[in-house]
Amino acid sequence: MTTTTPGAPAKTDEVTVTAGRKRSPIAVVGGQNLSLIVALVAVLALFGVLNDNYLSWNNIQVIGEAATITGLLAVVQTIVIICGGLDISVGSQAGLASVVSAMAFTSTASNPYLGMGAAIGVGVAVGIVNGVVIVYGRVNPTIATLAGLAAYKGIAQLVSDGRAQGYVLNDPFFVFLGRGKIAGLPVMIWILIVVALGVHVLLKYTDIGRNLYAIGGNDTAARLAGISINKYLVAVYALIGVVAAVAGILLTARTGSGQPVSGSEGLELKAITAAALGGCALKGGKGGIGGTLLAVALLGALENGLTVQGINTFWQNVAQGALLVAAVVIQQRRTGERAVGLPA
Amino acid sequence: MTTTTPGAPAKTDEVTVTAGRKRSPIAVVGGQNLSLIVALVAVLALFGVLNDNYLSWNNIQVIGEAATITGLLAVVQTIVIICGGLDISVGSQAGLASVVSAMAFTSTASNPYLGMGAAIGVGVAVGIVNGVVIVYGRVNPTIATLAGLAAYKGIAQLVSDGRAQGYVLNDPFFVFLGRGKIAGLPVMIWILIVVALGVHVLLKYTDIGRNLYAIGGNDTAARLAGISINKYLVAVYALIGVVAAVAGILLTARTGSGQPVSGSEGLELKAITAAALGGCALKGGKGGIGGTLLAVALLGALENGLTVQGINTFWQNVAQGALLVAAVVIQQRRTGERAVGLPA
Amino acid sequence: MTTSDTEPPVPDHFASRSGTGIAVQDVAKRFGAVQALGGVSLEFRPGRVTALMGENGAGKSTLLKILTGDHQPTQGRILLDGRPVAFGSPHDARKAGVRIIPQEPEIIPHVSVAENVYVGSLPRNAWRRLDRAELHRRIATDLARLGFDKVIDPDELGSRLTAAQRQMVEILRALIGEAKVIAFDEPTSSLAEHEVEALFTLIGRLRAQGIAIIYVSHRMKEIFRLADRVAVLRDGTVAGVLEAADISEGEVVRLMVGRDLSTLFVRQDVAGDEVVLALDGVTTDDVTGIDLTIRAGEVVALAGLIGAGRSELARAIAGDLPIRSGEIRLNGKPLNLRTPKDAIRAGIGLAPEERKAQALFLQRSIRDNTSLVSLERLRRLRFVKRRDERAVAQEFTDRLRVRTPSIEQEIGKLSGGNQQKVVLARWLIRRPKVLILDEPTRGIDIGAKAEIYRIIADLARQGVALLVISSELPEVLGLADRIAVMQNGRITGELDRAEATEEAILNLAMTDDLTAATTAVPDRPRTDPADGGLR
Amino acid sequence: ACSSGQETTNAGGATGKIDGPLTLTYLQKQGDQEYFISEATGARAKADELGIGLKVVNLGNDANKTVSEVQAAIAQKSNGLIVVVPDPAVGPQVARTAQDAKMALITSDDQICTTGPDPSACPVANLVPRIGFSGAQMGGEVGKRAAEEFKKAGWKSAETATISAWKQDVTVCSDRVKAAEDAFAAGGGTGVKNIDVPTDNTPTGAQDKISATITANPGVKHWVVWGCNDENVQGGVTALENAGFDADDVIGVGLGAYLACKNWGSGKPSGMKAALFINGRDVGALAVQTMYDNLKIGKALPKEAFAPTKMVDDSNWQAAGVTCS
């Protein structure tokens, strides 16, 4: 699940150029990430002790697969939060893409590529609409995508009449996506790895990524420096559309049919939670894929562990809330921040 | 004020008063509110034409009652957003209060005041916990209340075993709350009016309100200006707890029993939508009760109108999303803001 | 009202750059009801420094923003090298070689200084890969070239920079690539004396390269040193243009303000005997063993280089930074300050140095911003007495000559200097026993400065104890009854008004090795371990 | 090491008998809903009685989580799987995954098909063994009772309207209300106007929407309300009461009886005339017992097993075992 590349992990999210100054190991991983790693290890150890099968390779894969769709959306959420925006409509977008992929698949005489192509096309279109409404319509991203949350869900329900559509498990490619493996690892997890790695490289090693940080950190500075903020923002929302569409396609592949709502509702909160827990400042300009993925892994491991231990939903809710707060409190206590006003 | 000589202020007053008189009516209502009023009138007119009973006094009351619980939560959400915070756990808080009110009512031999007192006590406690976690635990408000969303829901489910609890409609006071009228207007609506008016006065006419705007506008400056940010924030979250508890009690009164989840889930998004549509900047420091109430009324009128016209859920979703965006776009176009970067 | 065309003979090295510089013709700009500029025609020639002067809100920044594409003029046109140009965005202007160092530095918080400087034109390899090695080479070269290499670490995050360092980032940004015109909008307002020197050397070099330089400042001294020409704006129009030979302070002031300012500083001796504020061995994370007293009616100035810890000391007195040891006494009574609120309650006020970050509520009105700390006195049953509030807000905006259509104006829409005046008004209304003013005249025009000095004198006469932190030595010398000089978190000496000279102050402010005192800005140990916690 | 995901590990169908300790997993949609809570309680009680392990997992409305949890159950080496899917379309995937892992599978409440998304279009042989009630049957009972009450009240068709309230994107809800509508018509309610009201399946949501519907139809003198669950009907009855309708002018037929019972408990006349009591406890217990019999004793799984439903009202709800919290 984690995407630490062998060569280049020695930089924190924040510090981008190392001048050969010695950095402590903590600084290398990043304080935020360190807390998450500690929490993750703690969770794994706890449930590993309580349950023999928890740390089995099988269960690890299950955790990974279950976290993939949230993970994908959390990764793109990270980008948009870094830009200072937000996308609350990701879940609805995924639902729409899921339905479209299955319906296009069915109506094109079971051609999976056309089905997926159609879904991705819709994803791009929806993303561009979001971006244009936000940038040129001057609508606050929260409002615009809250509206999108309702509207795209409605569209998905309309095209599908509110029912699951089509059946794709007779197609080898969809089956491969849903439960195939490459080198012993589920295809789904590979997709998450590839997307996360791509976004990580984009953010850290290209000028595009650096410009995104600039836009989120101080949009006036970015504008004065000649960065075409508008283009970047629209492109980011389009990218979200594409990745949400991929998430939707995986949803179809996993559940066997296009789901307008089920499976995608509520994903936005999970994605935002993961991004924020991973160290994204909702004000923009800060955050990274590493932290987000760790947060996704932590939440996934926690959820699976609680279920494995047979904890009922009610306690799970309480435990998840309490643990989320505990993780952040510990993390903040470590930095010794002064407790005045609202934390970022 | 010591530096003003008795003679001097009278003159300055005159100047400012006349200056104040010259403000255009648009400036008085506020640009944001004007757009909302226009949108509201348009919605009322549209459905009024389509359906004879839509504008009947009966239906207006129905709209008002249906909007009350959301309205209460939107009002307190407005306060916390003005402070630069956010409370995503309001729905769960209301659910918890609902259950507690019904259970306390039942277990105190049907004493409605004890039931409600218990609910409000729990509300205060939960609110203080939120505030303390955010302020002294240094947890970002979004994360902290996301955690609260899960945790308080879990607690409500645990205390109620996930079932609707008790029955309160044999108690005249609960019945009065749920369906009584004062001067021809439902009690519920009165409660909303009183709370909204109180908060409005607090925000606009007291130094407390000024300080809240200051905290959200620039917390460093607020601190240096001698505002006890921490106390204010904890107090605001406690107030949210109280109002959420009132909302929960009304939920109990309306449905007849304490509902742990049903009826309160998803209210947070509605409340935030209303606050943001009403002109609150999610960055803090900006917003007002007038705008929020107008937004609540607009959303309520729209939802009722769509139902009255027999539009199905799917179209309702699409229509709500589209209208939300349209309202904001028009509003922004009117201000002629420059379209670069993200709007506030 | 027209630009004079009597050019001094063009030196040889001007040949290195062709072109006739940049000019505006009949440029006007209106913001809603505010006419910021009304038909301005000016020329800025290559290889010359044109100072742009004018009162706060006269339209200087607006003119520069129009020149650099950030605002579009409502009327008129811009000529670059004789050809009309239309800059749709700052980027267009940049590409055409027109640069600005804005009044308020725009810093990206969570990225490094290097990226902050090169934002928008980061060096890259194929596939848009960021070329970090090249970035690092460039920033190192730039820093060395400007002599900033010792005071700013290219890896430091934007959010951790001091005001001076932020300013340096903006300067560095403006110098990337080929520039024809560079506009400086009050670049020295947050720089220390020796950094100002470095900047002047730089400007001299740029001038020699044939770059047209526009220089906005309220500091007369700088204008005399730098300017080849002075253009004075008043109320959005050109009040006059003076050639180097004709520049005199009196004339500039007359053009700016429309009248003579006879005295800038009001000197008086009103200090009583009663000690109002006494610091006894105050030690915080940043300052060590501070002993200082201020009597009623006394004006004590705190001088020193940037990073000396003056602001930290001020914040400690104002309850915003914890005191590790030592004691603060107010009227003889020891104070236990945990928050600024405690200090304000006790009667200590602080007008902080960074107005945008530390003092202003940009979206709120002038009225709101001025009354904030005095609401306790302007309320009944916690209801704000709006009439009284409006009256005092109006009175003080008038007295400080804040240029605004009304006190209901959003403060973010005021010019920088006017914003500063509102910050001062906030404390003038409150009238505390002890008022600490950290760089009170930063970015304030000379007319208003005189007004502020007069008000400081007034306050002193009323028995307020004043602590003024200023990096402008003339101001320090002109205002203070007594001057305490800080260096490295300690007070290195006190000077009476009689014995104070610029040299004496600088001697106390600097160690023998000037760089040693100023270079270690990011990593200097905050407290002396040998001394920490002894008292 | 590449797998297309297609390979089937020798579909054996029947799973062998198991000695040693037994662990079952019960996956439920909407696990925080009253009915499913009862179901889980019943299942747990039965598991305790039989001395076997049982894990109950709430799937919410999430088809994707369903797949994850099936996989997790497999990774946990659970012996048998009982599932209530949030959407029947995810059925084939569940069946397939369980089959690959040679895990015994039955469904409760909602039917699923191993070969296609739509159980109603499924060859009987491909239906997964099921315990529970059928949506159509439940809806039918409700519609039938509503028609009886309607005839008993003697209302004119023209002055009466029926309300079907349900969350329109929940397929099983749609099935129930359609069945109710048909049964009402068949039972004598022909000519009565039906109004579909979209709700969110919560009492307040239903109340708000139905209030709007009432004001939009001022000509209607008598109302008949049914819906996907008790919440919808309770919301409708309250809305009508608030709108000034007499309990005599309202026929509410609930589904679940857990909210309906509260009206009857108060002893006041209520528009809630009857409710179909479906006892989740019975279903949960029966499902666990069936699975146990199969795994321990080797008893073949029945194609379908029904728990009893009972129409209850003011007079007999306590006797029927409805528990009202």
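A, B, C and D are the chain letters, set down in written order, and residue numbers restart from 1 in every chain.
FYI, a contact is a pair of C-beta atoms (placed from the backbone, for glycine too) under 8 Å apart; a residue touches a chain by one contact, two chains touch by 3 or more.
All figures in this text were calculated on a predicted structure; none of them were measured in a lab.
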Contact counts by the stated rule: is the higher one at A-D or A-C?
A-D
Could you grab the centroid distance between subunit A and subunit B? Build each centroid from C-alpha atoms only and quote it in angstrom.
30
Just the number, please: Cα centre separation of subunit A and subunit C in whole Å.
44
Geometric centre distance via CA averages, subunit D-subunit B, whole Å:
35
Multi-chain contacts in subunit D, i.e. residues touching at least two other chains, fall at 32, 168-169
Junction residues of subunit A - those touching two or more other chains
157, 162, 222-223, 313-314, 340
Of all residues in subunit C, the ones touching two or more other chains:
339
Mind listing each pair of touching chains for me?
A-B, A-C, A-D, B-C, B-D
Quick check on the complex: what are the subunit B residues that touch subunit A?
83-85, 133-144, 146-155, 157-158, 162, 215, 219-220, 222-223, 229-230, 233, 269, 272-273, 276-277, 281-283, 313-322, 324-325, 328-329, 332-333, 337, 339-344
List the residues on subunit B that touch subunit C in their complex, please.
1-4, 8-9, 12-13, 15-16, 19-20, 23, 205-208, 210-211, 213-214, 217-218, 220-228, 281, 285-286
Help me check something: in the complex, which residues belonging to subunit D touch subunit A?
1-6, 31-32, 40, 54-58, 60-69, 71-72, 74-77, 86-93, 96-97, 116-117, 168-169, 171, 174
In their shared complex, at which residues does subunit D touch subunit B?
32-34, 37, 167-169, 195-198, 200-205, 207-209, 211-218, 231, 234-235, 238, 241-243, 258-259, 262-263, 265-268, 324-325
Name, in rising order, each residue of subunit B that touches subunit D in their complex.
51, 53-54, 56, 58-59, 62-63, 65-66, 69, 157, 160-167, 169-170, 178-179, 251, 254-257, 259-263, 265-266, 303-304, 307-310, 312-314, 316
